[in-house]
Structures are given as C-alpha cells and as structure tokens.
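What follows is a group of structures, each given as structure tokens.
One chain, subunit A, links the two complexes that follow: it is found with subunit B in the first and with subunit C in the second.
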Partner chain A sequence: MKTSSLYGAIFWRRNSGAWGIMAAALLMLVLYACLFPDLLHLSGLARLSQTWFPLAAVAMAQAVIMLTGGVDLSTGPVVSVGCVLSASVIDDGALPTIGGILLVLAVGAAIGGLTGLVVSLLRLPPIIVTLATSFIWTGAALLIMPDPGGSVPDGLSNALAGDFPTPIFVIAGLVVLWKLWTLTPQGFASATFGDNPVGAFRSGVKVETVRILAYAISGVLTILAGLFLAAQTGSGDPTIGAPYTLNSITAAVLGGVAFTGGVGTMRGALAGSLLLTAIISVMFLLGISAFYQYVVQGVVILVAMTLPLLRRN
Partner chain B sequence: MRLLADRRAYRFLTTPTVVILLSCVIIWGVAQLAFPGFASFGHIRYMLELSAILGIVAGGQTVVVLTGGIDLSVGAMITFAAILGPSITLLVGDSGIVSVPLLLLITAAIGGVNGLAVSALRIHPMIMTLAMATILTGVMLLASGGTAVAVHSPVVVWLANAHFAGVSISILVWLLVAVLLILLLRRTVLGVWIYAIGTSQRASELSAVNERLVHVAAYSISGFTAGLTGVLLSGVTMQGSIGIGDPYLLMSIAAVVVGGTSILGGQGGYGGTIAGSILLTTLTSLITVINLSAGGRSMLLGLLVLGLLGLYARESRRA
Partner chain C sequence: MTREEAEAPAAAAREMARPVLSAVGVYRSFSGNPVLQDVSIAIHEGSIHALLGENGAGKSTLINILSGGLKPDAGEITVGGESHASLTPLLAQRFGIAVVHQELSLAPHLSVAENIAFGRLPRRRGLIDYPRLATEVHALFADLELDLPLATPVETLPLGTRQLVEIAKAIYRKPKLLILDEPTSSLAAVEVARLKRVMLRLRAQGIALLFISHRLEEVLELCDYVTVLKDGRRTASRPLAGADAAELVRLMVGRDPGDLFPPFESRAAGPLLVVEGLHSRRLKDVDLTLRRGEILGVGGLVGHGQENLLLSLVGAEAHRSDRMELDGRPVRISGVAAAARLGIAYVPSDRKIEGLHLPQSLHFNLILPTIRHLSRHGLRVPARERATVTDLLKRFAVRGGRAEDRVVQLSGGNQQKIAIGKWMPLEPRILLLNDPTRGVDVETKREIYLMLRRLAAAGTSTILVSSDTPELVELCDRVMVLAEGRVRVVLDHAAASEEAIVAAAIGADTRERAA
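Take a look at the complex of A and B:
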C-alpha cells in the first residue's frame, strides 16, 4: 500500500510536465475528428499515423539524447541517410527485405554509437559534436544518392504506409521496448544519469558505456524515421530529413523533456510530436497556407514553455 | 630578462587565435604550391570577404555564447534581413540610407525579444531562439510568398561589393564590427558582466550584475550582426531568397567554438572567432578547389571541424 502510493506520487511528479501536453494533444485530436470524421475510419487513422510516425520516431530519438543531458543537431541528416540507404539496399522478396531493414537499423546503431563514442572519448559537449557530424551525414547522404531516386519494395510500402495504421503498432512496440530497457540497470541509468552525471558515476554507473548505448538507441530510432519516409514516398531523397532536426527538438521540448538531462518521459515526447502533427494536419486540411504552420509552431512552443512558469509564479 | 621575453613570446604564439591564423597562412602557402593562384591577392581578398560575412554573424554568436547561451535564430535572421531589406525600400526609399539602419534596428529588436524572454521568462536560450527562428521563417514565407526578392538599394550593393584603395568595404565593415565588439568585451562594464553571467549566473546575480540588461544586450547584438550579415549576403548575391542564411547557423557556432570560446560560456573572445571564421572559410575554399562532389565537400568539412574541435575545444565538463 505504502509502496504503491509512493510510486503514484513519483509517477505523478514525473508526468507533471506532460499532463498539459497530453490534454492538448487529445483536444487537438478531438477537434481533428470533429472537423474531419474521416479520422474515425481505418484509412483516416492510417493517414494520421503515417504523418505522425517519422516525427514520433525522431522525437523519441531526441528525447533519449536529451535525457543524457545532450542534444542532437544531426537528427535531420541521419534521417536523410536512413532514407537514401533504405532506397538503395532494401530489395524485393521476403528475405532481402528483412535483411535490408536489419542492415539499415544496424547502420543507425553504428552512427549513433560512433557519435556517443566521440562525445565520451573526446569529452566534447554533445552539441558541438553533433554539429560537426551533421555536416558529415549530410555529405554521406549526398554521396549515397546525389539526386532523389532508388526504390523500396511495394510490399514494404504497403505494409508500413498502406491503408492500415501499422505505424501506431510500431510506436506501441517501441514504447514497450523502451519501457523494458528502462527496467534494466543500464536503461534506468541512461534515462536518469543526465540529471547528475558525477553523482551517477560515483554510484557505480558506467556513465560512458551507458551514454554510448543511449546514442546507439537514438541512432536506430532516427534511422527508422528515414526508413519509414523511404517506404512512404517509395524512393530515396538525400535532403528529406532537413526539417527533422528542429522539429524533433520542438516535439521533445513540448513534451516536457528538459535540456538539463534526466528530466522528462518518452510518453511526453510522443504526446509533443502528436500535438505538432495534429496541429499541422488540421491546418493543412483546413486549407491554411503551409507558411502559417511555422508561425503557429513557434508560438505553440513559446506558450508551452511560458505556461508552467506562470503557474509556478 | 631574456627568458621572460621568450616565455612571453611562447605564450603569445600558442594562443588559439595566433595558432589558427598561422595555420591559415601555412594552408594558403601549401595550397598555393598545389593550386597556383590560391594565395594570390585577389583570391585572399575574396576569401576574406567571405570570412567577413561569416565573421560578422559569428560576432553576435560569440557574445551570446559567452553569456552561456546559444543563438539558433541567426540563420533565419539572416534570411529575414535579406528578404525584408528589399521590401522596406518600398516604404522608405530605394537608396538604402534609411532602410539599412532601419532593418538593423528591427533585427536587433527581434534579438532583444529573444534576450528578454531568456531573462524574464527563463526560457532556455536554445528553445527561445529556435521558436524565434521558426516564427521568422513563417513570417518570411508569408511576406515573400517563397520567391526570391531582387536587391536594388545602392547602399547595400556598395557595402557588399565596393573596394576602397584595394580593400573591400565588407572587410572594412568587419574590421569596424571587430573593434567595437572587442572594446565592448574588454573595456566596458557590460563586457565584464557578459563574462560573469557566462561563468556563473547565480553568483553574478548575487553580485548585483544586471542579468536582464546583459541578456537583452547580448541577443540584440546577435540580432544586429545577423542582420548585417544578411544585408551583405543579399548585396553579394543581389537577391534575398528563402534559406540563404541557413548554412550560417551551424558555421557561426563552429567559428565560435573553433576559435576557442567555450560553448559553456564565460571563456574566450572575439579574436578567436575572427581566426576561426578565416580558417573555416579557407578550408571551405580549399575543399571547393579540390573539386569534390557536394556530398564529399560536406563530409570533409565535417571531419575537419570535428578534428579541430578535438584539438582545441576539449574541456572538462563543468556540468
């Protein structure tokens, strides 16, 4: 009884930054459904989930890094690498498709792990390491595919971006995997040590190893967004990832993940990405100029940042 | 006595600024052997003109980074200035004598809003400037409809392209900005406060440093220099188009960090950033001369920046 009430209190506090955003995302979805009842059908839900998935994946990836006390400025370029790589290596047929997907995900883990290794070994702030690697991966994407092209098996495109909301189940699977990861000692450390790395180190956490693992996980999630974009568009585009760097930070920050590390939850980041997606989709469906979406996005961030501060005062 | 002079010379020669500038000269010399004409007067002047465009925006970025913040809105601000510049000439006349100062006033004010939000609302600088960048991009797209705007103002074209006794006006503008910034950082109370806030905000506030003034001033300066870079850039390309300022966001941060200023704030100065801007521009030119594909260029630049950071920017984490 006592344990459960303690857990409840901690659970409540950990989510305190995210309740508002979850409510806002839900409200936006209700508005969406009222304006466009199509959402309540399977195909409408599939369309929303496909718009949501890439942003959800990069928001989770960014949250993983931010929880370690860093920030990833190379998200967009890695998404591009994932997209062109998928369009190059994933072939028709069951085995080549699965093999190709695994290869792409392994490259993601390698990219992330390498970044984590540089951060840990060179003791450079993550923001400037990922700043430099953003040039490298931008170049790598262009080397793999200088112009949009390539192709992805139709089967994969239909499975991920067809008339069935597969992305929702993929996201649910990712959330479960993340939950399981945070139940392991390394996983728990990766989600919390950012708050106080020195304290964590003195408590016996292998901070450097855990950080590299966290960056590798983040790399897999980021490249997954690129893979999905390749499946969705049916081809590779070396610059498709560009907007995702800032959007991933926006979504994670909206969801209550703090730059200082150790504060925030994955569900918060997901709610943040869902809110952004719903806002943009509703504006698009209402026929509002795509240009307004930037202004609205900026204002939403500021409002989301300012409200909790006003409440605290 | 001799020993002291030697040590002083050694210390001077090993400051990041001097090391970087010397490496630039060496790179120029070696490149001249491989690519005759690389170190010719015309080409070096051209590289310095490009360095001026980068170095000016990196100046404001330096001041912000010294306070412990970061300005992610400079890319959008440059584009904003390049696109808004031609538009406000419709209101205040085509010459640019009124429109350029007015434009710089506007971008400085937008920077000031960043600073005000960072200090009064305690919004993280990265989030605030990111949101500002997003809003500016939207406003720009709405204003220009996404098309390029041609530049006519004689003042803008003159600032970016004219020469005075063989020296480009843009380099002279950079020199002026550099002198003013270095004087501000080294010789004024505000400069001392900027370093103090970057070292420890809490201690500074307890020591009666006017934290709000520092933040508003730092981000205003960054807005001003980004606006100035936007004006020069639009003068060089003779048009303002969407995305024109984007490369300068990452490059300005890279110039600051390569120049030895701590990304955590409180350490460094504009001298290093000047050297960093020249080095980065030199490397970019060199990579262009080597004739790699666009992808290869970007990769090589990233690797070089990473290598430079590994050499210069290593620091014990304070956080």
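Take a look at the complex of A and C:
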C-alpha cells in the first residue's frame, strides 16, 4: 500500500457502510422531486432544508454520544431549553443577536459538558444519567418560559428560515468542523473508543477528558436545533423538543451508528436524518395521516436494520 | 547510565545490568483469598525473562501489578530508579512498560495503522498526520518482518494476525520493558518463528522482555532468566542456563496435596454414556466413555475445548457425533431441556452470570430448575418448595445461609454449593462441572470434593473440567487431557500425576507445532 493513500483507503472503507443509507436518502429525494417538482426551486429546497435542519443537528448530536458508547435521552428537553432560551436572550441588532447566539451555544456546551462530567465522575451508565437530566431540562425549559412566547429578531428568522436554503450551508459547515475534530487525536479517540474504552485507556487515551469534550460538542449541536426552531417559529416553546429524543436516535441508528459505540459516521447519521425527513415530508404532502407516518417510521427502522444482516449472512 | 554499567566488561554486562524493573515482597489477595504472597522479581535490560506457573498460579495478577492495572496489598516496585508502592497505567507507560494482554486492546473497526498508533497518533499542526503514520508503521512492519495492509480494519483479520498487530502496537511505543502474556497461544508455527526472531532482536536492542508461555520449549530456547510461581508463591527465580523441562515442570507443580482431598475410592461400574467421534466448533473427533459412579476429569491448557465438551454434552453448543449412547440406547441431545430429561445437569464455571441469579434468594435459586416438578396443577406449592430447600441446605452444609437470604451475600464457596445443589432434586445421572473450585477457598474446596465423592458413591457420574491439576489427580477415576480440541491422552487414576497431565498438555502443543 502506498503511504500517501493511507487516509483515502481508510476512509473509503469506513464510508462503505453508509452508501446504502445515502442511496436510500437520495432515492427518496428523487421521489420527492418527482411528486413535488417545487423542490427544484430555491424556495422548495429552502422549505425541505428547514424541516431537515433540527433533525440533522440532533442526529449529529446523538451520533457523537453513541460513538462514545452512550446514548442521550435528554436530547428533546435540551432542544426545548435552546428554543426558550433563544427566544429570551437573542435581541434585535447585530451585536445583541450574535452575542445572544454565542450565549445560547455556550449554554449548550455547558449542559453537554456537565452531563459528560457526571457520567465520567460517577461512572454511571450514560442512559441513566441522561434519563435523569431529561427531567431536569424539561423542568428548566418550563421554568424559563411556562407558556409559549418570547421572540426572536426577524433578521435571524429570515436568515435561517427564509426563502434561501441557509440550513444546507450550516450543515455543510458542521460537517467540515466535525471532520477537523476527528482529525485531532482527541476527536479521533472520541469517535472510535466507544466499544473498547478499556483498550483505549491502556493505549494511553485520556478517556474521561475525551468523553467530556464529546458531550460538550453534542450539547452545542442539540441546543443549535433549539435555536433554529426558535428562529423558525419566531418564538419560544418549552415543549417543542419532545419528539427529538427518539427521532435523533432513529436517525443515528438508520445511519449505521451502533448502540455499542465506536462504529458509524456522521455522514451516515445525516443521511439517516435526511431519509426520515424526506419520508415524513412526502407523506405529509400527500396528505397521509400523521398516524401512518409513525407506523412507516417503525417499519423503516426494522427494514434498515435487517438489510445489512441479510447481506452479511 | 551508572558507573558500573559503563565500566563492566561486555561479557558480564548483562549480569551487571541494572534491572529495568524490580518488585520486592509483593502481596495481593482477592476477597480474602491470597493470590500472590511475597513474590519478588527483577527484570534486566537486554534479557528475556520467563514467567512460568500453572493456571491460577498468579501470573496474570503479577503482570497486572507490574503494569499498573492492580494495586498490590504490600510490596515495593522499583522502576526508573524510583520506588513506588504501586503503579498506575499512566505511570507504567511513562516508564516504558508495555503489555501485550491476552484479551486484545484493539479497536476492531479501526484500521491496522490507526490501531498501532492509537493513543499516540503522530500529528502536524494539531491534526493527525496520516502520511507520517503510514511511514512510521511501514518502518515498524519492515523491522518486524510483517506484511500487513495498513488500511484494513482489524476485525477482518484472523485472530493470530490480530495478535501480531497487538505486539506491533506495543513495540510502536518504544518500550523499555515489554510484557508478553502468552503471545504464542493463538499463533501458527510460522508466526511463532517470526515472533521469536522479533523477541531476539528486541533483546539485542537492550529491551527487557517478560515472557509468559505454557510452551516450555520456547522458554528454554529464548529466555535468559526464569521466575516460577506456584499457588501465588515464588518457587524459583534464577538464570535459566542449565535448567531442563522436567525441572521446570517440577517447580510448577508438585505441591503437597495434604488432606485436602478425601481418600480415593473408585465405585465406577459399567459404561453409562458412550460418545464416539464428537465434533464441534472447537472439538475434533473426541471419543469418551463415562461409567456409572465415575468421576472423569478433563484437563489441559485453558481454552482447548474442555468447556466446549461440556456444552456439547448438555446440548448448549452445536455438535455432531458418530455415536452417542446413554445406557446402551442411542440418544440425541438437542438442547438443555432435552439433556435435563435425560438426567444430565451442567454447572457453568461463571456461577455469577450463568449459574446463579445473584440478587435473588437462596430459595428462588434452589427451586428454579425443578419448579415444574414441585408444583401441582401448574401452581406452586409453598410447603413442598420449603421442604426441598430445607433439605438441600442441610445436605450441602451451606453455612449461615437461610432460605430467604440473597445469594449475593454468600461466600464464593457457598454460592458454588448452591449452583451445584439446585440440580439435585432432579437426581441427575450425569453431572457436568466446569471448574467448580475456581476462586473458592481451601475449606470450601474440601467440602466440594467430599460432596463429589458422596455423589459418586451414590452412583452419579461426573465429568469434572478443571484448571486445578491436583484435583484431577486426586479426585478422578480417569483424567482425559485435551489439546487443541483433541483427546491427547486418557490416564487412569494410577497413571495420572500432575507431571503427566502438564506434560501431556504442553507436549501435545509441541508436537502440533513441529508438525
């Protein structure tokens, strides 16, 4: 093997697990475009990307945690916190807007980092810790804003959720940042040690530090989804995040991220969230009842999980 | 570094060399059972030091202490000129101590190259430097005569190759002391030869190696020093020159059995279970005859098919055989329930997971296998259950155990008695025991031995898989030694000595490799 191609060879293989889901997502988009050619216009694309963005962000957040061998049950409540916080602290004007956004993201990092700290210090299973924190953040969101209200500057709403598909570029930016992170030794470890933390520890990885960093990153991504929802609706809603806990896990699992940790790619998780979004949007636009959407979602998970097994046997 | 070293003549240099690591007076016990007692060892640079001992002699515990994975209860470890009461993994790494563990530390889905450098990936401007990683691993592989694709995920490689990756990973860390825990056990002959060359080259580079192996011929061929452990005590620590295999085996075994074992008496009668040509994933062409009231021991190096034999006989593992007869009638053991109907009961070695429900009561555990027999019209009958449990507790002398206590509160020995005793109401004709005395104190061992004798006297046939060679010698009517899934030899009671059993287990290995 030529030394110069090592990186390419490794990542070609690593991505090979995600081709299936990427193809499925693409196929669904084609179907979408055939049924509703509106997608091919800028505004149609903007609409789809706005539906996709919150799920994409939480799918990435969930994937970060799952790669470390955990699972985050507090995703939805943290999204809610992000939404009501954004509607409270982001004010009109360039400087207050940017300052507010940075504050919200910092809170996300703190929430995630704190969770990671608790998991590392108390050595409790992440599923237990995030089960507990899910109640805490649910309550916190309601304390910040008991009823839907507040407001987000129109400028921010138009920039993120206007007639231009901004979310696609934000997601692209996040993917690039994630790529850079996995190219640092800490980031590399965080995305790979999940299924063998003991081996990683013996190899000299500072497992606890890496885990806390990963949880902080996940917190930022989660709260970003909340911020976006606030911008999209123009106000805060303390329960808006509820569906995102299970949906984020669904998207990550669809994208090939393993519950056992260590296996999976961010691209896969994003493709999983895109597939889910496209399916739901198509059914919605066809006027199919939301109840069927749930049924289809369940069937899709089972089919997607079974297909790779069939191929292996 | 030191003055002596600089002035010493080359020939004596190795003798004079300062130890890279030394440990003095190390003690360690687990839940009251002493595992290491007053063990000392010094490992010199540029030498290969063999660590020998039977299964359970304390080798793994010692390695863990030397590499910072475990704290000793007492003792002192000197490394890099500093004395420590205990090491941590980080400290051990800083002093250049690298361990190749038996259970691998690799991340299965990562590539070979990434695994080798995992934890110390080369970087440039903060990012992982893949071209340099490739160059470094390439150079390392050239040095080790390895030819492996760098980008391949480790999980797709065969086990022996993974072991080589693990060794390369340790060497990548440029250790001063390399600890190899049975590195050859999963390697084929070609790989073993390559590993030997690598070890000799590392020695020439001045690296100290601690080598754990069950293959005596490798030890005699490669090593400069040897330390032998027996029951957690050091029986020898000296230069290897002049030693032969027989002497090493004597140092490893040959303890005084004392009155640990009840007097041997054979009650074995006619054949009960006859198996011919048994094959499974790990077994090759095993023939076996179990007689009524016999205790048939199964020994050999751990992991050479002993457990698989029991699992096959209880129907928990896929198997096929040319002939399988119980009481002269052909039988098929298709599953654990079928085995239970035939009167075959299996007591797994991992009593904490497979054998018992720890958080549940003694009562619950003792009635679980027989709950259908004890109930009437599909309903449980408390009075019958209580009578059964009371009787079992009395018969198995479970000290201080009341029916309502939770099993987790009992000592390891008493737990084991419950794990065996729960099958008794079924009146099994064949009892399959997997290492029943592992991690059990001497007194309970004695009680378990007595119980096995009593059961045998009452006509129960037992197959006893054990990693404890003395109990095979003292307790069993016959001892079968398995190596690599094949029957190496069947020794009757008179011929079954510890030396014979160990020699059969190891000798078998030698022959396989030479072939």
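By our rule, the second predicted complex is superposed on the first by the 301 of 313 C-alpha atoms of A that agree within 3 Å, B and C clash if a C-alpha of one lies under 4 Å from a C-alpha of the other, contacts with A are read in each partner's own complex, and residues count from 1 in each chain.
Rule of thumb we're sticking to: a residue touches a chain if its C-beta (ideal position, glycine included) is under 8 Å from a C-beta of that chain, and two chains touch if they have at least 3 such contacts.
For clarity, every value in this text was computed on a predicted model and none was experimentally measured.
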item	value
Touched partner set for A:125, first subunit B, second subunit C, both or neither	first
Subunit B versus subunit C as contact partner of A:302, first or second or both or neither	first
First, second, both or neither for A:205, with subunit B first and subunit C second	second
Partner chain in contact with A:138 - subunit B first, subunit C second, else both or neither	first
A:71 touches, of subunit B and subunit C: first, second, both or neither?	first
Partner touching more residues of subunit A, whether subunit B or subunit C	B
First, second, both or neither for A:9, with subunit B first and subunit C second	second
Partner chain(s) touched by A:25 [first = subunit B, second = subunit C, both, neither]	neither
List of subunit A residues in touch with subunit C within their complex	1, 3-4, 6-7, 9-10, 13-14, 180, 183-185, 188-189, 192-193, 195-196, 198-205, 262-263
Of subunit C, residues touching subunit A in the complex	89-90, 93, 99, 101, 104-111, 113-114, 118-121, 123, 126-128, 130-131, 133-135, 138, 149-153, 169, 173
Residue ranges of subunit A touching subunit B (in the complex, touch as defined)	69, 71, 73, 118, 122-125, 127-129, 131-144, 146, 197, 238, 246, 249-250, 253, 259, 289, 291-299, 301-302, 305-306, 309
Touching residues on subunit B, where the partner in the complex is subunit A	70, 72, 117, 121-124, 126-128, 130-135, 137-139, 141-142, 146, 250, 253-254, 257, 263-264, 293-303, 305-306, 309-310, 313-317, 319
